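Shared chain: chain A. Partners: chain B in the first complex, chain C in the second.
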Partner chain A sequence: MGAYLLRRLASTVLVFFLITIVVFTLIHLAPGDPIAMQIPPDQYTSATQDFIAAKRHELGLDRALPIQYLTWIGHAFTGDLGLSIVNGRPVSEIIGERIVPTLELMSLGMILAIVIALVFGTWAAVRKNRIVDYVITFFSMLTISTPGFFIGIMAIYLFSVKLKLLPSAGMSTTGVHTTADALKHLILPVTILGLTMSAGLLRFVRGAMISELTADYQRTALAKGLTRGGVVVKHVFRNALIPILTVIAYMIPQLLSGAVLIESVFAWPGMGSMVVDEAAKNDFPVLIAFAMLTAILVLLSNLVADVLYTLVDPRVKLR
Partner chain B sequence: MKRQRKMLAMVAGIVAAAMVLSACSDPSNPADETTSAATGQTSSPAAGTTEASSAADTAATSGGTAATSAATTGGAEATEGTTGTPAEAGQAAANATGTLNLFMYQKPNGFFNPLHGASGPDQEVISLVYEPLLIASPSGALVPDLADGTPTISSDAKTFTFKIKKGVLWSDGQPLTSKDVLFTYTRAADPNMDLSRAATLFSTVEGIDDFASGKAKTISGFSTPDDQTFVIKLTEPNVGFLGQIGTIEILPEHVVGKLPIKTFTQDPYFAKPTVGTGPFTVAEFKTDQYVHLTANPNFRYQVGVKDVFLKILTSDVATQQLQTGELDLTNIAPVDLDVVKGFDGVTVDTIDTAGFVRAAWNQSQKRFQDPKVLQAFLYGTDRKSIVEGAIKGQGIVRNSVFGPPWQAADLNDYPYDPDKAKQLLTEAGWDSSQPVELAWISAGNPDRDAAAQVMQNQLKNVGINIELKQVQASWIPDHVSVGKFDMFMYGGGDYTAEPASVIPITSCQEPGKGPNNGLYCNKEFSALLTKANQENDLAARTKLYQQASKIENEDPSQMWLYSPKSLWAVGKTFQGFQPQALANSWFEPWNWKKAS
Partner chain C sequence: MTEQVSITKDTAPIGDEQPLLQVTDLQVEFRTDAGRAYAVDGVSFSIAAGEILGVVGESGSGKSVTAMSILGLVPSPPGRIAGGSIVLQGQELVGASERTLRKLRGSAVGVIFQDPMTALNPVQRVGRQIAEGIRIHRGLSKDKALERAVELLALVGVPQPELRARQYPHEFSGGMRQRAMIAMAIANDPALLIADEPTTALDVTIQAQVLDVIRHSQQETGAATIFITHDLGVVAELAERVMVMYGGRVMETGRVSTIFRQPRHPYTAGLLASLPSLTRDDAELTPIPGNPPSILAKVKGCPFQPRCVIGRDRDICAAERPPLLEVGTDHLSACHFPDEVGASAPEQQVAPDDSEVRS
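Showing the complex of A and B:
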């Protein structure tokens, strides 16, 4: 197990480096010089091009790409992600400001999604092919096939505009700094993120539970006198949980992209709106840092999922 | 003039740090922000360009006899300037109540510094905190703000004298004097600063060369005979200068005078400037969420509203929040007009602007050098139908590089006439087999998508083969700015009150060496502009510009399309709002009130 983990970790690190190289190259190959883009064409002067060249030199953008890459990665290891080309602020500071709201949204959304999926997925499995199952299946399919941003807009229309129950966007009412207010602002985005993320997971929970419910050991357990509820909770649920956990780990990257979409609908000041802004400005350092963070998140959740998977299924050899 | 100032400021970007430059453009749409960034008046992508309404007479342009006649603009407001209910020192905020939430269409760079350069959202904050000597009124005329009456101009148009209002206090209680003006203008020209304007805006100021080269510590052309007087001397007549310099907001020397010069424009102080002469000061800047401002107790008039929040939102969210009452003011796009009009308790104010949408021909290409060809484009396109369709009738067809007061009355408005277009193309020997690529930034500009479609369909009928090319902002530096394109459609703003501001964008130039993207070159036109800028007599000057407008009408510098109106949706509890012809600046915001 230890050796497996080490090997798996080593390959993750290697993949991470490959990703950094690819992302770094791609972003730098994208058209549009971030400095030239800051100067509107109506404001060129005879010295503008010299200025752009000088600035590129100052920022090291005129050096060979491998050199730029090595410089960047060297600094990145010391925690220095560089400065934004657009406003000169440290990238780590920019990301730091944005990551908290996104994590807040992601983690609460995730918890909600898991709760919904476990409760309704189990319920549907236990009542397989009965009316409850059909209703739950109908709603989960509806949620899977409707984009989150659409549900978001509809929810805003209903709960904010029509019923005036909840705020339509943002993290707080301007000038108000209370927990109650912050919670009110969380309700809609978290619910919608949780709902959209829960649908796929719910289908999986239902499937996993059904296969466990029909397993032979269940008959044995019933035969030795356990109640059906006891079997479901003590045996079936526990057995089904491990593959479900694996799926949850795989879902985390998906959760990030879901959160990014929800952020733009609800004007949530997180990483999603940041990356859209910066991409339009070709602000390399910020974009690269964002891509790297995403890569780390994806790699780590895959690593966790793989390890969990080997625990569930001994047939997957730890080699 | 603000636009001109900012344009020059941006031109001065050559000496600026990249981050500073970044200030000027809308990420999604730098081309659109060209003029607007130039003006510091970036407009809401949702609402199209919102610039000066009518380029009314500039305060700077009249003059007349020796250093006496005040420059006047149309109407009484011109000499009175901004007004309000006078307040005792420290008591201005005594009756201020309520909170206003205003739409900010894009995140600010966060340097609320008038010398930083042009970024629309930042300018919205700057114009609440600081004040210029002269300000554009809602009608687009320049009127006195910190200046006490209109400035005087000598008959040779080389000396300008500003009087400064008495009794104006900074928000920390210190008095405003002409020394603050001297400090601000000198700092703006300082060659050691990121965004020095020594070589651009201030190039005609006496002694600027010695100052820029470090030979002199001060600029001999600037003087302060007393605390209320500021005098500028120029080396050559430049009537347009007054309007360009007068709109720079004045900074408090006693507060910011000691900040390091090199990084002055981006000094952290300007993320939360607490001292200004304006009606509000910045209380909190929550990155990417809002800027919170509070009433300045030392303002010279009563301030009506206690707190102002400029909220950074997308236009969709802004429209929602207008409905829920979470927002009191937003810009809207013409296509949303009918929907927003239906909102309960929301009124829509419209104002004519001289923002415009046009397409530049690359006139370095031989085929675009014959005016007959250019005229054929105009005759061959039904621009009225574009106004009706693309902007729902909320605007007018445009025909000149100049705003209305400077246009001759009898300009050809090029009515839709495909036969005439065909005939002109035949006469010019147009080769219809060669396609013309029309590029534009589509994102956020549904009106331009529609306009491009109309142009393509209609011009095909007259033998012009338009190929449509939607581009990203990143396409511009390598193509538009350096003369590597056929046609490029983009938005821009008008020359608030200063027609001299068209000089840079119409002067003969090589590709990539200046702001004349279409590489238009008409020597007769340029000569007239130069002459007009030396003419101190308003009537004579107007005549020269009108003459020039005739030339540009025959030999168009750009394919003029339309000027959209600016549409403001105002919540019912927001009183005292005056739509400003200049986007991103407010007029008399101290008179705003929030009804409960």
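Showing the complex of A and C:
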């Protein structure tokens, strides 16, 4: 187990570096000069050309890409992710204040998605081809095929505009610092992120449960005198969990992109709304840092999924 | 309808005492995409306490479904017990509540399933799986139940039972898994043991060992045993009585010694003739020509008629269901012409050189 983890970590680090190289290259290849983009077109003269060139030199953007990469990665290890081209603030500072709201939204949304998917997916599987299954399938398909931002806007219209029950934007009401107020602001974004994330997982849980529900061992358990519910809880569920875990791990990147959209809709001050802003300005130090964090998140969640495997499935030995 | 009444009457328990299990005119249907399948079509039999009954038939003959019906383990939907009666220790089980059946499962009736590779939960320790049934029915503590599980593993001949109880099924060989399965089935000293092709999925070398374990367990617990197999050799070795099934019906039933010496149903005769023999000088096996019938339509006459040497050209065999009638002591046959089976030796009826049969 220990040796496995070491090897796994080593390969994770290698993959991480490859990702940063690819991302770094891609972002620099993208059209649009970040400095030029900040100058209004009507003020664009030959003098500005010189200004841009000087600025590029100052920022080191005129050097060869590999040199730029090595400089960047070297600094990144000391925690220095560079300065924003747009406003000159340190990227680590910008990310630092944006990451907490995003993680809050993501983790709560994730928990909600898993709970919804496990409960309703199992229910649908147990009642396969009956009314409950059809109703659950209908709603999950509806959720899968409706974009999250659309559901978000509809929810804002219904709960904020019409019913005036919940706030439509931000993490808190300006000037109010109560838990109740913070919770109220959480409800809509978390519910909608959780709901949109749950639909695909729910379909998968249903499928995994159905295939395990007809497994031979469940008949054995039934023949021992367990209740049908007991068979599902004690035997079937644990077996179905094995494939479900992988899917949950692969859901995490999807969750992040889901969060980006939801943050834009609800003006949630997280990394998502930040990235949307900065991408428009081609502020690549920020974009690269975000891509790097995403990569770390994905790689870590896969690592965690692998380790969790061994806990759920005794047949898997990590060597 | 009248013929069903006569079946019920004819298969009334042999002997004076009430049998442990009495199955009467059992009907089991499956809803399939192709229509309704009549998996079990009017099966009646009984088994006395401590007796071993071998149930023989090809795949799809309804033998497993019959056995699974006893405990209400036929998956429903699509399966459904459409009629008949199953009386175990004086208690009617057809239409009994799930609760009633649950109390019997694993206690009064233990089941050994066919494929030990899939019949055990792969993510649970073997000892715990055995202990589970003990805890359910006896309310023992976890530790006490585990102790008993270890004892049971020892009883079925699993070496190092303490260690084995802590292992997972994938750490067991096929034969060892089947032993664990047997331990699970006999955990609560059942009155009836259902062994559903317990050796079919095993290596030939392991089969004999597992049969020994089943025999030993049966003697130890005194459980009556329904032994389902398609292996006539196993039946001859293990069972006292045999029931031959075909197309969801009972073809013939009686003492093993009687039936093997003198079958009174052409299907049984065909089965016996198709056995490879060490004494006969045959290079080839002698199959029964044709295929098992589709069970998607209720057969009006005898299900074996299209393949039968005797009944192939007879109208009565195609049109009228042959009742299961007594043809000798403890010997019932569902054939319109049982005497003709007896008239010629089975070897002659389906002999390799008989061109009519081999067509």
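In the analysis below, the second predicted complex is superposed on the first by the 289 of 319 C-alpha atoms of A that agree within 3 Å, B and C clash if a C-alpha of one lies under 4 Å from a C-alpha of the other, contacts with A are read in each partner's own complex, and residues count from 1 in each chain.
What we mean here is this: contacts are C-beta pairs under 8 Å (C-beta built on N, C-alpha and C of every residue); 3 or more make two chains touch, one makes a residue touch a chain.
Everything numeric in this text was worked out from a predicted model, so none of it was measured.
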- prompt: On chain A, do chain B and chain C fit together or clash when superposed?
  reply: fit
Query: In the superposed arrangement, which partner chain does A:103 touch: chain B (first), chain C (second), both, or neither?
result: neither
Query: Should A:76 be classified as contacting the first partner (chain B), the second (chain C), both, or neither?
result: neither
- request: Using the superposition on chain A described above, determine whether A:217 touches chain B (first), chain C (second), both, or neither.
  value: second
Message: With both structures fitted on chain A, tell me whether chain B or chain C touches more of chain A's residues.
response: B
Following superposition on chain A: angle at chain A, chain B versus chain C, Cα, nearest 10°: 160
Task: Give one of first, second, both or neither to describe whether A:227 is in contact with chain B, with chain C, with both, or with none.
output: second
Task: Name the contact category of A:15: first (chain B only), second (chain C only), both, or neither.
output: neither
Message: I'd like to know which partner A:303 touches here: chain B for first, chain C for second, both or neither.
response: neither
Field: Which of chain B and chain C A:50 touches, first, second, both or neither
entry: first
- line: Overlaying both structures gives a minimum C-alpha distance between chain B and chain C, in Å, of 50
Field: chain A-facing residues of chain C, complex
entry: 71, 73, 75, 98, 102-107, 110-111, 113, 115, 118-124, 129, 132-133, 136-137, 168, 170, 181, 184
Statement: As the complex stands, chain A meets chain C at residues 214-217, 219-228, 234-235, 238-239, 242, 312-315
- prompt: Which chain B residues qualify as touching chain A in the complex?
  reply: 7, 10-11, 13-19, 21-25, 27-28, 30-31, 33-35, 37-38, 99, 101, 107, 109-111, 200, 266, 287-290, 292, 307, 309, 311-314, 317, 320-321, 323-324, 326, 472-478, 480-481, 492, 505, 512-515, 517
- prompt: Which residues of chain A touch chain B in their complex?
  reply: 30-51, 55, 58-59, 83-88, 97-98, 156-157, 160-161, 164, 167-171, 173-175, 264-267, 269, 273-274, 277-278, 280-282
